[in-house]
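Each in structure tokens, the structures are laid out below.
In what comes next, subunit A is part of two complexes: it sits with subunit B in the first one and with subunit C in the second one.
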Partner chain A sequence: MTLLDILLSGQLLFSALLLGSLYALVALGLNLVYGTMRLLNVAHGDFVMVGAYAAYGLLTLLGWSPLWAAGLVAVICALAGLCIYELLFRSLLSAQSSVTRIESNSLLLFFGLSVIVQNTMALSVTATPRGYQYLDEIYRLGGVAMTGNRLAALVVALVACGAVGLFLRFNVFGLALRAVIERPDAARVVGVNIELVHRVSFCIGFATAGIAGVLVSMMQEFSPFIGFPFTISAFIVVILGGLGNIFGGFIAAFLLGALETYGVALTSPNLSSVLLYGVFVMALVLFPQGLVAHRATR
Partner chain B sequence: MTPVAKEIVPWIVLSLAAATLPSIGGDYIVGVGMVLLMWLALTQSWAILSSMTGYVSIGHVVFYGLGSYVVVVSWQSLPLAVAIIAAGLVSALFALAVGMPVLRVRGPYFVILTFGLAELVKFAIIALEARMGIASRLIFGAPSIQFIYYAMLLLAAAATLMHIVVHRSRFGHALRSLRENEVAAESVGIPVARYKLYAYVLSAVIPGMVGGVMGLRSTYFEVTQAFDPTISLTIVVMAVIGGGDGVYGPLFGVVFLTVLSEVLWTRAPQLYMVILGLLLILFMLKCPEGLIGRYTTWAAAREGKQR
Partner chain C sequence: MRTYVGNWVYAAALAASLAVMGSVQAKEPPVRIGFSMAQTGMLAQATPSQLNTYMLWKDVVNARGGLDIGGGKRRPIEFVHYDDQSRPDEAVRIYEKLITDDKVDLLLAPWGTPFHIAVAPVLEKYKFPMVGNTAASVAVRRMKPGYIWFTTSAIPDKIGPALTAMATSNGVKSVAVINNVLPYTKELKTFLMPALKAAHVEVKVDEEYPPDIKDMTSLLTRIVQAKPDAVLALAYPSDSVLYAKQARELNVQAGFQFVAIGPSDVPFRKAIGDAANGIVTIGHWVPTRPEWKGAKEFYDRYVKRYHVEPDFLNSDLAWMSCQILEQAVAKVGLDKAKIRDTIAHDTFDTINGKVKFDGVQNIITPTAFLQIQHGKLQLVWPKSIATSQFEPKKGW
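== the complex of A and B ==
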């Protein structure tokens, strides 16, 4: 294929859109948890993996269709998020220590959590990659061929992102949540229940990760160790899109999806990890203050 | 005795005792001792950056892996001593090259960046090897375990000495002041950016050489093993368990965990990782100052009572 063929290919455009919507969904949860609590959840991608295995388990053991199982998986992941908040982070957040100390300590806690989740999963279901077939009939739209599962994943990811976006824009509690992201102290002054906001952010964050995991499991093979690259891509999206900025996050997610899809198409699949981590390192080096200063200049 | 001598003497005694181990113990004991010394060298080097400046690295394996790669690639075409020194130099040069932009990133972003950087270098080398058509490299005529043991002893002693010297020096005080408050440190005239870079480079040299020597321990070389994130994690957990602000914390953490790593890492790696994760969370929540830190406050409180 020539360069022009690659750039004009509808097939690749579809892949880029799909990847972008998936990244947007994963990054959404990371953005909420970081925005409201300044907790950098490096275990975020591991809950994508948990969601994938949960869908696989529900399908193989109970025969649930993954699309219907997504709702239950979201609830399971939200509960897991709530437990983690209560066990690990509530006391940490209420302790009156400096923000930087909380940020660094919480990162090590999430790092430990990530290691535990990955390896517990590997211990209980082995590290062999799994996969299943679901909605794999092919649809044609214009010149683009797509399997049913990829189409469904695109729709579900967009709907889930849109739902959270609308909640944050129009629901009173969603507004309170955004207020906590932008001015935590002022939000407390006007009577926002900060702790409830924290709980809800954890729940939404983990639930969206779980749903993303279900979508991933419909399309590709997965192992207990697929999570970290998702964390990294979510980081890139949040850094480039801006803290608490849902719309900016969408744009950044689709950019990253396009970059990865076309980058791999133009070079070789061997380089996809190099590309991802390269973009990550560049993004942090270009915005060394991370997300907060980025927001202040907006 | 001067205070420096007082601090160094126990370590000299320990080193001499360790030097006699190969003549009294069998290969198994020497193997465990070697692993212990390896972790000590790595954790002391890590502490020069992360304990002193507060810039926590969870990707220190990048230096180990680079050193390993240098020695394995140059195996049997360069004399071993030259290759090991080259391994240290390459790690240091890498730290020097990426240090300036990387150390501008602060707090939690720096932490996650170190991990990403290690993965980036790992995948870059994998892609490079794939392009050259090499899946794994065999190593023939690797040195004996006794040789590796003495090399590790030397490196562990060098790393500890480096940590002691930096810790007591004017430079070390400057590093600690920037850990407490970087802006304040800069405003009293400490060249913050330069000093952070020095600490970063210093903490990279010995891990590069350790990786170089350890690369020869097995008969084949695989990139994913040389850049295994488990190594970074183990260093962090050892340092967190030991805790404190000095050279004894790493020693305690290393002794505490080496047996566990020796028993479990190769036989049940996943269980080992789960235990490491649990220990990390437990210590961060219940005892963030580490064993040495807790002992110091306890001893100080007891002294206060006696007066």
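== the complex of A and C ==
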């Protein structure tokens, strides 16, 4: 393929958009939880895995379509997030600890949670990889072939990200949430209910991970151990976009999707990690605050 | 009257002594068999078919009255097994513990080549024989023969030439080779490429990809444009599914499509459905060859118990290793040195035909390939054991 062929390929554009939208959705939850509470959720990808299993269970046991089940999965994951907040992090956050202490403690707590979630899932449902067929029809638009489940995943991920984006931009509570991200002390002074913001952030963060899991389960095989690569990708997106910067995260996710797709097309799939981490390091050297600079830090 | 009472006393004494004998027989100590298995960690997804097979074997043998330990004696089997957390170093510690602390009578193999290689020195150190199963690497041949043996014929240096021979005999003149950079598939490629070159097969695409690949569009677009006669995807289970799903989306049209690991197990076919038909994969067993005694019986039992088909590669290998151990123990009892000599020199009947070892390797079972036809796995190569003819893949 020539450079022009690659750049004009609708097939590659579709892949880049799909990958970018999935990254955006996965990273969104991680970013919200970090932005509002400075908690480093290294178990985030494991809740993508939980979402995948929940969708699989609802499909095979109750016959629920994964797309319809996504709502229930989001609620289940949100409740799980709320429980984790109440049990593990509420006291840590209310103790007014330093950011460094919160970050380091949360890293350890979430790491432990990650191991527990993975292995509990492996022991309860076995580690046998699962997969199913859903929306397997192939649609052709011009020269672009799109499997129904990949098209649906793209649409759902974009809608979910868009909905959260609109909520953060136009809803009063969404604005309060952004205020906690950007000016936590000022938000406290003007009467924002910080604890409620923390709870809602946890719920949205875990719900979006669950929805991402549903979408992943429609497209690929999964096992209790698929979470870690998603966590890594989400961290790259979040750091590139600027820690706690939700809209910067969206931009970084699509850049990452494009980089993986077009970078591989121009070079070799084996170089995808080199490209990814090369650009990541370069971006951090040139833009230490992330590609989209954040106006405030805690 | 006296005689009548005496008879009753005699009968009661006889009944009591029979009951005591019965209880002694029931309390015959079990044969303790130890192994480790990755039940947590990154490799745990690959092990259920092997663990399921071990569990089934134990229950089948116990239902027959226990393991025949020679001289007409049978003792029930008891497993002592631990989770090695997908870490070969942990497996080493576990096998040491099984031998020295748990004092097991026999050992079964862990999952995977690195684990077999890791525990081999422990077996050597304690002179404890173990029949391996799910390990396939030329590295195993470099191991000192003695206390470990390998049942599979899917060794990369055999697969490369055999796959080339099968492809060329079906009219393949050009190929696209893509491979996961994990050890087994890299090793497979090392032996495949010279074989392709020697057979004058043109390699139109030759690409490697990382294990965590999430999208193959760029890779498969190259293959679509190159129009090779065959695609040889040296893939692991998770990227096997990704390959098949995206090859279907992009309509990769080669009539010969080989996917190395994954299609022999049920999850692949569940995830891909009818589109899996025509895919060729590694495997040297099917339950339908009548001369392989017990093959159909094993298949039926597995399906009845687990409600899915066994993995046609890993489950077969695990059951074969259990059968070999069982036959050796029936012949010479639980003496380790005698078991070792028996396994090293005898020929065994298994669900995959006869097995005999030369050094560490099974020298009877041929290197073979399966193809998914109408949702079922059929042996299509070599012709000597084929259950069906190769059918070119007709679309997705």
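Quick notes on this one:
Simple rule for what comes next: the second predicted complex is superposed on the first by the 251 of 298 C-alpha atoms of A that agree within 3 Å, B and C clash if a C-alpha of one lies under 4 Å from a C-alpha of the other, contacts with A are read in each partner's own complex, and residues count from 1 in each chain.
In the analysis below, a contact is a pair of C-beta atoms (placed from the backbone, for glycine too) under 8 Å apart; a residue touches a chain by one contact, two chains touch by 3 or more.
It should be emphasised that the depicted structure is a prediction, and the values quoted were computed from it without experimental measurement.
Touch criterion met: A:280 reaches subunit B, while subunit C stays clear of it.
By the document's definition of touching, neither partner reaches A:165: not subunit B, not subunit C.
Contacts of A:88 after superposition on the shared chain: subunit B is touched, whereas subunit C is not. Once chain A of one complex is fitted onto chain A of the other, the partner contacts of A:223 are limited to subunit C, with no touch recorded for subunit B. Contacts of A:42 after superposition: subunit B is touched, whereas subunit C is not reached. In the superposition on chain A, A:123 makes contact with both subunit B and subunit C.
Of the two partner chains, subunit B is the only one touched by A:113; subunit C is not. Of the two partner chains placed around the shared chain by superposition, subunit B and subunit C are both touched by A:270.
In the superposition on chain A, the residues of subunit A contacted by subunit B and by subunit C overlap at 118-119, 122-123, 127, 270, 273. Across the complex, subunit C meets subunit A through its residues 39-42, 44-49, 178, 181, 207-210, 212-219, 221-222, 225, 237-238, 241-242, 245, 248-251, 267-268, 270-273, 275. Of all residues in subunit A, only 1, 9, 11-12, 14-15, 18-19, 118-119, 122-123, 126-133, 136, 138, 145-147, 150, 219-221, 223-226, 229, 260-262, 264-265, 268-270, 272-273 touch subunit C in the complex they form. By the touch criterion given at the top, residues 54, 56, 58, 101-102, 104-109, 111-113, 115-117, 119-120, 123-124, 126-127, 130-131, 233, 236, 240, 270-271, 273-274, 276-281, 284-285, 288 of subunit B touch subunit A in their complex.
Touching subunit B in their complex are the following residues of subunit A: 40, 42, 88, 91-92, 100, 103-109, 111-116, 118-120, 122-123, 127, 228, 232, 235, 270-271, 273-274, 277-278, 280-281, 284-285, 288-290.
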